[in-house]
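Paired with chain B in one complex and with chain C in the other, chain A is shared by the two complexes that follow.
And then the complex of A and B:
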């Protein structure tokens, strides 16, 4: 350190100061920062400071072939990459008028729900860790790893599967995959009582999470909150049911909702979704063997593929909320313009800024994790 | 391109047979102990960070190697760069790196730190991490599996025990080189609160390449840091909330 940097200065009153919460902070989710102004330990103002993970996706995609972009898109949201691939593939299919075979649609549902399960287990772990409880984190991450093994078997990649391509999926399930999937689901099911003991009925967690970062339904609608965070305010809106895509209209599942819209309600909604995802996956296991046919529609030579000019808008439900893609083609071999409306950009910027203002400094991390925002997708 | 051009960390081999027997034994013992107790500061710069929780928790369990996470740069030994670094992040990485106490080791996880990886043509990311700081070990892969991360850490432990992980000395010896790359990216007024040149003298690592054109430029622009002003003049809390 240079000596002159240690000279005495006139500092502002010491009960009021500004803290950079992140980007390199154990309590923040990923590479993201919040600048907070603290009075004592109460936060009086906050500004989200993103951009640390900016890679310029929308520009990068304009410079790559339609098929090359498949490898790029899962990187947008790291903990839950599958919805990105599916949504992009669906947009391209919409542009080309490709009909996806039934079996591929079921396989996509399988992938999406597995990914949702994995993402939720990860979030529980992170959220628990911010309240000082590390066991759920260890368990959640370890159980998620079982799902990653299934991913690896199915697609070849632990995290980034790159399983979907426009027109269908890359390969069929391996032998006996469904048996192993069903065993894993049974195991996760059997673990839920343990999670309940450890986390969801644990008074340490319940008292911390209750009343932290409340959002009312009107606010949620104003701010563009979607997904589990919206359902935690009591509104049963889910793209899977209200604007069905793939084969979700043939599946039975409920939409868990909770009331007050605080961190506790958001966690409970996710726990409910865990059960629903398991339920959906069990239906897939039952139905998939009866659905034959190809796993992808024929596409032209992907290296010289001119997608017809037009616009496509696709929306699906990711584990973080409503994810939509807007893709424009000018008839060339690369996208003309791509825009991604990710759920986290709302959750992690304006919602988070509002929620942490007025709370205490120790709750900032848990509010961020309870919103389940995903910084790479905010910055893109 | 030769190897040294591509990966310009020059490892100075310590003379393990010089000196008297006590200092030799002492040095080896220190290196051995250092390699068995490492604290990682992981800066989640990119997507590779998602494979660290599995590597740290029950399944792969990094802690059995004596490696555990640390929250503050001043007490950490390893700086783990987990993926692509955008320019905005790289500034923070540099500040973090210079704050860490020596000896310090840098590991670049993910192909993106090696050569830009997927984002080779992105306008927002820095491509080669070893242009900006000496990197002791790269773990390539997109993204490397937890097994690869653990293997990489074991290799680093071996390197430390053998006294070969001396990348941090290179930062002092050739500060001008690294500063030049930083200035090219961040602009010529770039400066950090750490006085690297004085530290180089202090450690006895001041060499002919420590000073150069770039450090001269730094001296021109150097000014004592301003006291931080509060920037969030957002009014009273009620106004903000509304």
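And then the complex of A and C:
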């Protein structure tokens, strides 16, 4: 960072100070900076400053074969990588008119919901830590690790699974995998009362989180808020139900909503989603053994694969909100244009700047975690 | 049931009022509109006000240097109709100026800022055109097709040999695992040689 970028451009009054949150700060998710102007301990202005995690994915993808990009895409969002792979694969399938086998679609749902569970456990921990409670963080990370074990068993990778390819998935489930999955779900289910006592009904947390960073439904729609943050304002919208993809229209699940739209409500919605993901996974466990057939559709030689010219706009409900991919092909062996719209490109920039202004300095980190903002998705 | 209550029908009634818009049905919940650049803001206003397309999902920019044009795609979602409309328009690559739709859709602020940074398209009336990701970037807009990232690296940086002294010593004695760049399976040189041969 060059020094001139950190000079206060408008000389502030002497009772106002500029403070940098980040790019390396325990209260910030990932390497991201928030420049805030404080008057006492009240934030009077905030400016998001990204770019620390910019790796130029959109440009890189234009220079690589369609199949090579598979190894690149999960890295766009570190805590919740599976939706990226699935969205990219779905976009390529739409362009090619590939029909994905039923079994592969169910396996993708399994991966997506496991990833959502892992991401939410991570977020609970992070949010609790910003209010000074470190135990839920350790618990959340430890319980997430059990899910990572399942990822490792299923895909070979703990974090970046690189499991989906255009046409289907790379491999089938190992023997007895569903039993171990079921056991892990039972364990996470049994942990929820502990989490409730420690976090969700703990007055230390509730009093901090209530009324922190409130968003009304009208504001949320105006600012492009999506996902759990939108559902925390009372609007029951979920891409999985209202713009269904894969086999979500065959699955039963509810859409948890809350009214107040503050940090507390956002966390409660995620707790509800945790239960719904477990419910979906149990249905997958029941149905998957009866669904036979191949796990991927035949694709042309991936090293000489010219995807037909066209465009595809794919939307997916990631753990953070609406994730969309716009992929354009000109008929070549590489994508012509890829545009990734991560949900956090709204939450971590305009929404965060709005919500932080006027709050107290100790709530900044909490608001960012309660929005579940994921900076790598913004910087791409 | 009146057809006007069906989402697609209601949308087509509204679109019937707009001149010079080409409608293509791409899927059950996907509609593509092609519209002239000067008619697009009015179309967005109409879609938001009359058809409930309150959510701007994204603005994508595609560079078409052969046509000397940028394609701007406005992806809109209606929570009432559960429909996605992608409004496509094209603007001249030079000078690359268009109007901001921030007044209609606030999320546009982020996307327009991003497109300005990556493609150099200026949006008149946008509240904020400051750099966000490439704060220290002085070069040309990097997402344009003519920008060659490898060429830029070769022009602006030196390649370094990253082998430390202790490894060089080991290799001098015949140890270590060293594959010379020419023999590396995926090295550029290998690919270029194959190209020449083929």
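Criterion: the second predicted complex is superposed on the first by the 365 of 380 C-alpha atoms of A that agree within 3 Å, B and C clash if a C-alpha of one lies under 4 Å from a C-alpha of the other, contacts with A are read in each partner's own complex, and residues count from 1 in each chain.
The criterion applied here is as follows: contacts are C-beta pairs under 8 Å (C-beta built on N, C-alpha and C of every residue); 3 or more make two chains touch, one makes a residue touch a chain.
Quick caveat: nothing in here was measured; it's all calculated off a predicted structure.
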Chain B versus chain C as contact partner of A:328, first or second or both or neither: second
Contacts of A:54 with chain B and chain C, given as first, second, both or neither: both
Touched partner set for A:222, first chain B, second chain C, both or neither: second
First, second, both or neither for A:349, with chain B first and chain C second: second
Partner chain(s) touched by A:72 [first = chain B, second = chain C, both, neither]: first
Touching partner for A:313 - first (chain B), second (chain C), both, neither: second
First (chain B), second (chain C), both or neither touched by A:337: second
Chain C versus chain B, contacts on chain A by residue: B
Touched partner set for A:31, first chain B, second chain C, both or neither: first
Which superposed partner A:242 touches (first chain B, second chain C, both, neither): second
Touching both chain B and chain C, residues of chain A: 1-2, 5, 51, 54, 56, 59, 63
Residue ranges of chain A in contact with chain B within the complex: 1-2, 4-5, 7, 9-12, 16-18, 23-26, 30-31, 35-37, 44-47, 51-56, 59-60, 63, 71-72, 75, 78-79, 122, 125, 137-139, 141-142, 144-145, 148, 158-160, 354, 357-358, 376
Chain C partner contacts - residues on chain A that touch it in the complex: 1-2, 5, 48-51, 54, 56, 58-59, 63, 221-224, 226, 235, 237, 242-243, 313, 315, 322, 324, 326, 328, 336-337, 339, 341, 345-346, 349-350, 379
Interfacial residue positions of chain B with respect to chain A in the complex: 41, 43-47, 49-51, 53-54, 57-59, 69, 71, 73, 84, 86, 88-89, 92, 96, 118-119, 121-125, 142-143, 145, 193-195, 198, 224-225, 227-228, 230-232, 234-237, 240-241
List of chain C residues in touch with chain A within their complex: 29-30, 54-58, 60-63, 73, 75, 77, 79, 82, 84, 86, 105-107, 109-111, 114, 118, 132-136, 142-143, 147, 149
